[in-house]
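In the two assemblies presented below, chain A is common to both, partnered first by chain B and then by chain C.
Right after this comes the complex of A and B.
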């Protein structure tokens, strides 16, 4: 009887909320690392994977490091410019209240990702393991998977667990495809996106900040792909009252964690694939470039749950996936760096109570740790182990 | 302890649905109200649940057994408490039956295909198996 009367502090539910956001991020990163390890058995074959991120320059092995760096800069510039344009377009559409169109687009892009990218990765896995799956079964399964995924993303009231699962799957699929970019481009792109996120969320003219302010002033949800952790139901009745976890009813200003629906949006251009083999005679394989509404940035949902944009999932996983292409040691280092960065971001979120970019801290720490691990730690560990000193 | 939890309940569930609480013992157990969805108080109300269950059941006929499975998963409390929510239970049970039938058929076909192999099917097996189909259509061209 005494325990229910002790005033609840934020620490009582902090651990649960943190776990609620760290678990899906970790699962996403782990799955991408697993896919990278399974499917990239031969490091020498760099798949000819052209997308908007390699439009300016496609890296070849014979270029000098300076050329590669320059090319990577150009690629990142093009990509960030494309994202900026797309985000401003999203801001414009949201301003003109074309919410229905945005939701339809979100559903469509989820379908494209799940069916197309999911199908491709499944085919790669089947090919790799020579599973005797027939095409009828495969198409039925893929169809089921993608249609239910679209419903999960599109419908505002759906099973929380399944929606979260599908968002993580979408993050995994897109992240895996982004790890196939050339190496230098990937790293420079990650840094460029971290800087862009910082600018877009914190500058008063940044598109994400405009979007968030519009959403707050209109008391609406931004129609985009956002991962929302399950809101923590506390014993005192103040946090959750018959509220569907994504809808916003009349909010009650009880808790200091409530009432700030702040979400950031980044629209990313989806890549189009180009086959290096002979073009297929009957099927036109060039897919139209579709933009997807992902979110980057971290905020607080209307029911106090932590929201993390799907773009953050994707780029964290791209970093870790690219680290996995070198060695697992760098994976551990980058994973810890990213989790630490995420923790720092969450702390800042609870201090500042407004929309924050989730990419910069984690990506910077991750990149720094990757290069430190690759250049210094590996030599040290290898020497120690081969001399049976430490490990 | 029970007093504290019972006094919390009216605050937690302002629109309690009286018809869906058949168990007299449940008022003593904390978190008494039985919600139709697996999300509990974060999920749907009962009226919306009937609508959702019916729509999921109908859409599942478009070759979507996974949707039936999701239906059963989402309304799992309906299956557990067999006397509550009669309308929802109707659709959920039918979805479960549909899912089992479809899955058993699909599994039978898939297992026959994978275990039978060439001896059972002859040259058609090579034409139907996924990695050959993917090679022919150029789907696995990324790696």
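Right after this comes the complex of A and C.
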């Protein structure tokens, strides 16, 4: 049997889109865990992180658990309220067609994230590893890095690999800073955001749903920081071409000549410190049945790319980063839970074919697995392995 | 001066840690890179089988939580522990196989719909391998990676091998209804678990670990023989018609 003549099995390329979105999520989580392990090993240098999320209550070690819980609730309430206000503001601006202003503001916020947060983390890393870098070189490098990042995120016709890399970097930077929130606040905040996401996308009065409907009715793209998996174009000769340039659709362009694409978009605005990043939970472009799609049966269009909002990257990584502060076992458990949640969400997406919130399932599973691992698993495994009993 | 020693000490620990981790997971990493990373579906299978193993471990730890922590240096509760855990995991393995059969049907009908050939034997073996590797990697991560020492790494390597290849044997055994294969997998798992109990005796690990590796190599040999036989069978079946 000649190997090269054997027809390609169905297994060779199934599930490629899913891997295309799982890989950057995993890279983002892994980088945040790495940063947490590297930079938090020194307990004496704990910088207190004050932002809107700790405005109502800042946790100290001496409070009782009930106080901490109450404080965490207050913090999350304030944060979610701030996000709701910001999202409604976004809806208003989009309604008044101030799209240009939104794009400029997003470029500005991306620049601030890359320069400010990126600079802070770089300084921490330089301090930790004693790298010999002078301030002039450092500022030049940082400035260049940030400017290229802003261009990558907002210019169309930019190399898609660099764009994806910069989006992951932005996600990592923001997520690392969120992990510096106090512990109880982080967990309650994650749950609150998951619930908010659910409400904002699925309720008819939710701001994100309004935004989606407006975008669909005007056939426009919402200006947002969105991670787009590289779309794969297949043709009959079984050649797989990957789109190298990112194609940006704007209201002036006409549709693709090959297909009509329906873009369902969900946007969520987050506020942290003075910045706001617009991020999109989940979008699916579905292709019509007549086009040649290799994976039509499974329900995810092969040339349509799966899009995941940057906010989802950020909060998944925050959860895993917070788990890393406890133990590696919890990291692994939370990672698997989040991936499973993401898989479930994508399956639901292919069933329901409309905009879905990507946070709730993953965050809930992640939180559940974290507490199960911490309470049950650790005792069990340590008990067994400390006596070298394994199965 | 003190700072540089501290940094050197930290670096050496990091290197040692990476070394132990690679000791336990090196072969699985090479398996992953060469076989599994080429087909995205196998990566998904690996992730889902890891999840299944994690869930089984959580259920087991939930069941045993009231009885822990066990008294030190008393070994018979651990027998019960290992026995119950192995039974539960083998039952779960059977359920996993049932799920896989249904998935196979879906894939076959999908392949028919887009007029591509159905799953080859090597595809099925690769899926079983990915499933086993998932179990093995989960075992190594949970039992070894949090407490990185050479002893854990060496034992974890044996277990990774056992898990990976016994999954292949189990899937083929259940698929063909071969009683020998079906029985040998729980037996291997149980004996491997029991062998680690030998570590309780002082200097017990000198006997326990080589025996464990004996079991692992037996698993490897049996799996290799079985796969070889199957491949030859299928080649004989389909050989004349392919030309």
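A few remarks follow.
Heads up, the rule we're going with is that the second predicted complex is superposed on the first by the 304 of 391 C-alpha atoms of A that agree within 3 Å, B and C clash if a C-alpha of one lies under 4 Å from a C-alpha of the other, contacts with A are read in each partner's own complex, and residues count from 1 in each chain.
As a convention for this text, a contact is a pair of C-beta atoms (placed from the backbone, for glycine too) under 8 Å apart; a residue touches a chain by one contact, two chains touch by 3 or more.
Values in this document were obtained by computation on a predicted structure and should not be read as measured data.
Within the superposed three-chain model, A:130 lies in touch with chain B and with chain C [touch as defined at top]. Judged by the touch definition given at the top, the superposed model places A:144 against chain B, while chain C stays out of reach.
In the superposed model, A:380 lies in contact with chain C only, and not with chain B. Once chain A of one complex is fitted onto chain A of the other, the partner contacts of A:159 are limited to chain B, with no touch recorded for chain C. Of the two partner chains, chain B is the only one that A:40 touches; chain C does not reach it.
In the superposition on chain A, A:15 contacts chain C only, with no contact to chain B.
In the overlay built on the shared chain, the residue A:119 is in contact with chain B alone; chain C does not reach it. Shared-chain residue A:88: touches no atom of chain B or chain C. Residue overlap on chain A between its contacts with chain B in one complex and with chain C in the other: 1, 130.
Taken together, the chain B residues at the contact with chain A in this complex read 1, 4, 8, 11-15, 37-39, 41-45, 48, 52, 63-67, 70, 73-74, 106, 109-110, 113-114, 117, 128-131, 133-134, 137-143. Taken together, the chain A residues at the contact with chain B in this complex read 1, 4, 39-40, 45, 47, 49, 119-120, 123-124, 126-127, 130-138, 140, 143-145, 147-148, 151, 157-162, 180, 230-231, 233, 235-237, 240-245, 273, 275-277, 279-280, 283, 285. Those residues of chain C whose C-beta lies close enough to touch chain A in the complex are 3, 7, 39-44, 47-48, 50-51, 54, 57-58, 60-62, 64-65, 68-70, 78, 81-82, 85-86, 89, 107, 110-111, 113-114, 116-120, 123, 126-127, 139, 141-147, 151-152, 155-156, 159, 189, 192-193, 196-197, 199-200, 205, 208, 235, 238-239, 242. Of all the residues in chain A, the ones that touch chain C in their complex are 1, 6-16, 18-19, 22, 130, 294, 296-298, 327-329, 332-333, 336, 339-340, 343, 369, 372-373, 375-377, 379-391.
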